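What follows is a set of structures to go through.
Each of the two complexes below includes subunit A, the first together with subunit B, the second together with subunit C.
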Partner chain A sequence: MMSDRFVSKDGLKDGIRRLMERRAVIGPVFRGQYHEFAQLAQVDELDLTFQNSRLSPKGLFHPHSDRMFTYSLAKNDPEAGILKEAPQDYSPRVAVGIRPCDARAFQLDDANFETETIKDPWWVRRREATTLVGLGCNQPCATCFCTTVGTGPFDTAGLDVLLVDLGDGYLARPVTEKGRKLLDEAGFAAAAPAEASSRAGELRKAAEQSLGKLFSTEAIAGQNTLELFNAAFWDEVQFSCINCGTCTFLCPTCWCFDIQDEVSGEKGDRLRLWDSCMFPLFTHHGSGHNPRSQKLQRVRQRFMHKLKYYQDKYHLGAACVGCGRCVSHCPVNIDIRQVAQLMSASCIC
Partner chain B sequence: MYAYTDRIREIARRLLSEDRVDLVIGYRKGTVPFMNEPFAARTPEQADRLWWDSFCGANLANYLPRRTDRVGIVVKGCDSRNVVVQILENQIPRDKLFIIGAPCKGMLDRRRIAAELGGKDALVAEEKNGRVLVQGRGFEVDLDRGAFLQENCSICIHRNPVIYDELAADLVEEQSGVDRYADVRQVEAMTSESRWEYFEELIRPCIRCYACRNACPQCYCPTCFVDESAPQWVGKTLDPTDTRTFHFLRAYHLAGRCTDCGACERACPVGIKVRQFTKKLEKDVKELYGYEVGLSLEERPPLDTFKPGDPESFIM
Partner chain C sequence: MDNPYLPYPVRIESIVTETEDRNLKTFKLVFLDPADENKFSYTPGQFAELSVAGLGEIPIGIASSPTEKGFLKFTVNKVGKVTTHMHNMRAGDVMGVRGPLGNWYPWELLEGKNVVIIGGGFAFTTLRSSIVYMLDPAHRSRFGDITVVYGARTPGLLLYKDELAAWEQRSDIRMHITVDGTSDPNWKYNVGFVPTVTKQKAPSSDNAYAIICGPPIMIKFTLPVLTELGFPPDRIISSLEMRMKCGIGICGRCNIGTEYVCKDGPVFSLEQLARLPNEY
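Moving on, here comes the complex of A and B:
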């Protein structure tokens, strides 16, 4: 059992400054019009008063554009055409201020990138190199529904450390051994008084109570796949969709990617790029056939994958952590909470 | 505002029950404040779900190209001009459309309101007499709607639909004395180096989600140039060359076709002012050809016609 610690607000800054001397520290930074996770140049850039970042922090492990390999096409090069792993920085780093839902999303994504038989080296190495310091959500947004999908505003499942803002300082709860070591390294040694831990418990309770249960993922798992697939409601759900990539690109659990080669002169790069099931090109076959040529098929795929197929395949619940980004930023207000309600309704015929 | 809703429902119910259209494309009330969802009513009963307020910024003309059924559609001034362009470009025949005109006093910018709330979460928004009452947990603010218009709406000079079969309300007074191009002139006055930096910084946050393109009623190509794969014209990375190519070409494809409806800017999830590109082209087309997009079904757009007097100064 690892015990809670207490850090004053200034103490947190000092500790992070200490960590920054030895490793990269990433945190929510306000840039332009919203918060994004970026490497801190100065500790004062860190803004832990943020609600949530516009983009999820999945880019820490799965960047939008990632150079996997480089190769030469020079005629006289004996190594021409041989893929060489592109150099990457896998040195230890810390991400501070990760919301519990986003951290849980990394675990759901692990099901794709790190299995018994397949280990995606880029994902795995970046995950291993990173210590995740979470921040509990004292006041979840109106678009949040984390508790409905099996996580919560103080869920420690995907974190190494959980911070709770107590007003006068933070409760720092080590979750893993990696997290405990980080707290030691940062100098956060003071044990939290029992009163601080109980205040954190009250904050948790209040935050959880502010979130209702909006639908049942279990009910969706229990539905007949083909009946859901052929349900009449998809026609109404899909009407407004404009097939942009906003929902999938902002989503912490959308991991799909495309692999492309880019060649310039005698040098080539093999790149991994975010892709989206909303785009017709995503399923366009070399033959010219497209099994999801219609918008309805693409919209249905996104919701079925998140809420049904993923559950059936991995038995880890739905591939949604209720962060609400797609709800807030869909330009035409397609609301996954409503779609999930349609999918979980007992009669869908 | 809410009188529009009643009137739109009434018209839609009549059109559907008299079997004059197969569907009426309008909006239904959003699930979150400051948002409404484009919605197709297909039965007289569904017509009662139609809705109208100041958050109908999505351009419904986007749902028209290549439809073959009989469509009723609710249009604001800008949307109606997009419909005109689509008719001129043979994307939808006029006789398949029943156009319900909604004279518009400007749509509100949800991001501007969110910025004003400073991170506080809105739960309900209600409009009354030019004010917007926003309520959230433990707060209530009363905003002047005029201060929160979408930027394109604050400089709009065609608030009334230019083409319609029936109106949902009386025509509104058009804004006069509007300087539409103050920001474009500022960019024009920059040195080429600082202009380059300005545009580089403008598109830096782009994540290539194509929301701007997909929200645009004029971007209806069966395959967009960025989606061509044999040959592939544009790279898909976030390399500035690729992002720049996408934005520049998208804008040029809209020269003489963009109505500045603002759907692109409204859709962008990372808040890029993409209209900075299209407005410059709108200004050029106006100055070179004296043409304003989508005002008339009689006149061909300048870029698909030739006149002996056309300016040639830009031809090398």
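Moving on, here comes the complex of A and C:
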């Protein structure tokens, strides 16, 4: 059993400064109007008073645009047209302040990127290189529903270390061996007094109690796929959608991507770029045929994939961690919680 | 860690124009590194991503058979950026191949069975692979009767004309070549749509599987004929097309229900398709 440690607020900064001498440290920083996860240039940029970042931290492992391969197109180059792996930095790094829901999302994404037969090398290597230091949510947002989808404000499942803000300092709970080593490296050695651990327990209980159970993912798993697919409520759900793709862009479990070649002079790159099932081109065949040409089909695909298909394929629960980003940023107020309620109801009439 | 997105470099050995409209060409590709050929071990029904640096990749069914050593064949319809560029490439040019990808026709189930192959237009590529594979002396005895119904709009739009003629001469495969119409007075095969010809020739469903690939309209009207002939849904095999990128079940694009067409398919039985949303 790895025991809890206690670190003062100044001590945390000192420790992170120590880590920054040896490796990249990523954390929530306030830029423009929102918090985002970025590599810290100095420890004072780190802002652990944030609620959550607008963009999920999925970009740590699956960047918005990523160079996969490079190649030469020069006529006299004997290697012209042959793709080479683009150099990548897989040196060890730490991400601090990851919310438990986002860390759980990485695990759900792992099911897609790392299977028994096929491993996505970029995702897997970046995951291995990164130690995740989470921050428990003392005050979940109004749009949060993590406990409904099987995670929670203090869930340690996807983390290496969980920090809990106790006001006068942090409780640092090592979750994995990787996390324990990181705490040692940062110099967070002081054992937490029993009183600190029990205060963290109180905070957890209060946070969990502030979140209700809004729908049942099990009930959705139990529904017949084709009955859900053909349900009448999709027409209502899709009505106000403008297919802007904000939901998929912000979502920590939306991983769909495009692959495109980009050429500049005699050099080229093959890139992968986030894409979205909200866009008609996503499924547009070369022949002109499009199996999801209608908005209703695309809206339905997003919810069905997250809440039904993923569950049925991987048996890990829904591909949603209740972070609430799509709820709070949807320009037309489509609410996945309401859609999930429609989907989980046994009778839709 | 092997990178499943990295294409093997290949050289175009030859290009054959297949059809009178010049929209379909068959590319014979040879691996630059002979060791790559061993890594590319495939089964009829699978596909690959053809890669052109600077333009992108396209998923195309493998038209050669694993019994044909030393090369791969792909028949490519001129449609978009990559395929149009390929149609302007020449023998000797270098490009890439990534695969083999997807599942294959259920050869384990077909063992000891009669096989009815129904194809239309340029969807005949993996069916060609399958026929060459089954007719190979090492494999022919594994299967019962082989019946083929293959149709195109006109004689000039049939793929692999020399091979079709050669198969017509053989006694261990029953060929029913057909065209929608022709003004050629010397046309010696059938005239009529694939569903009609299938009905006329009425291949027996006894101990048989049907593999059907073609344009959606052909499939739509042939399925009732097959049902009438007694083929149950689990013995009618088809292959889906979807827009794809990664080809390995990761990028999410070809998702239908719980399935990724690129990895869990493209080959599905009619019984499997009936359980999936009809979004393809």
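The criterion applied here is as follows: the second predicted complex is superposed on the first by the 348 of 349 C-alpha atoms of A that agree within 3 Å, B and C clash if a C-alpha of one lies under 4 Å from a C-alpha of the other, contacts with A are read in each partner's own complex, and residues count from 1 in each chain.
Keep this in mind: contacts are C-beta pairs under 8 Å (C-beta built on N, C-alpha and C of every residue); 3 or more make two chains touch, one makes a residue touch a chain.
Because the structure is a prediction, the values reported are computed rather than measured.
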{"item": "Superposition on subunit A - do subunit B and subunit C clash or fit", "value": "fit"}
{"item": "Touching partner for A:D120 - first (subunit B), second (subunit C), both, neither", "value": "second"}
{"item": "First, second, both or neither for A:D258, with subunit B first and subunit C second", "value": "both"}
{"item": "Which of subunit B and subunit C A:E185 touches, first, second, both or neither", "value": "neither"}
{"item": "Contacts of A:E45 with subunit B and subunit C, given as first, second, both or neither", "value": "neither"}
{"item": "Partner chain in contact with A:D14 - subunit B first, subunit C second, else both or neither", "value": "neither"}
{"item": "Touched partner set for A:P280, first subunit B, second subunit C, both or neither", "value": "first"}
{"item": "Which superposed partner A:M68 touches (first subunit B, second subunit C, both, neither)", "value": "second"}
{"item": "Superposition-derived angle with apex at the Cα centre of subunit A and sides reaching subunit B and subunit C, degrees in steps of 10", "value": "90"}
{"item": "Minimum C-alpha separation between subunit B and subunit C after superposing on chain A, in Å", "value": "6"}
{"item": "Residues of subunit A contacting subunit B in one complex and subunit C in the other", "value": "258, 260, 284"}
{"item": "Residues of subunit B that touch subunit A when the two form their complex", "value": "30-32, 35-40, 58, 62-63, 111, 115, 119, 121-123, 136-137, 205, 207-211, 213-215, 227, 229, 235-239, 266-267, 269-271"}
{"item": "Touching residues on subunit C, where the partner in the complex is subunit A", "value": "1-7, 9, 32, 51-58, 79-80, 83, 93-96, 241-243, 245-246, 248-253, 255-258, 263, 275-277, 279-280"}
{"item": "Residue ranges of subunit A in contact with subunit B within the complex", "value": "32-34, 49-51, 54-55, 64-65, 139, 141-143, 236, 239-240, 242-246, 248-250, 258, 260, 262, 271, 273-274, 276, 279-281, 284, 327-329, 331-335, 337-338"}
{"item": "Subunit C partner contacts - residues on subunit A that touch it in the complex", "value": "68-69, 71, 73, 80-83, 85, 112-113, 115, 118-121, 124-125, 225-226, 229, 255-261, 263, 268, 270, 272, 275, 277, 282-287, 291-292, 297, 301, 304-305, 309, 312-313"}
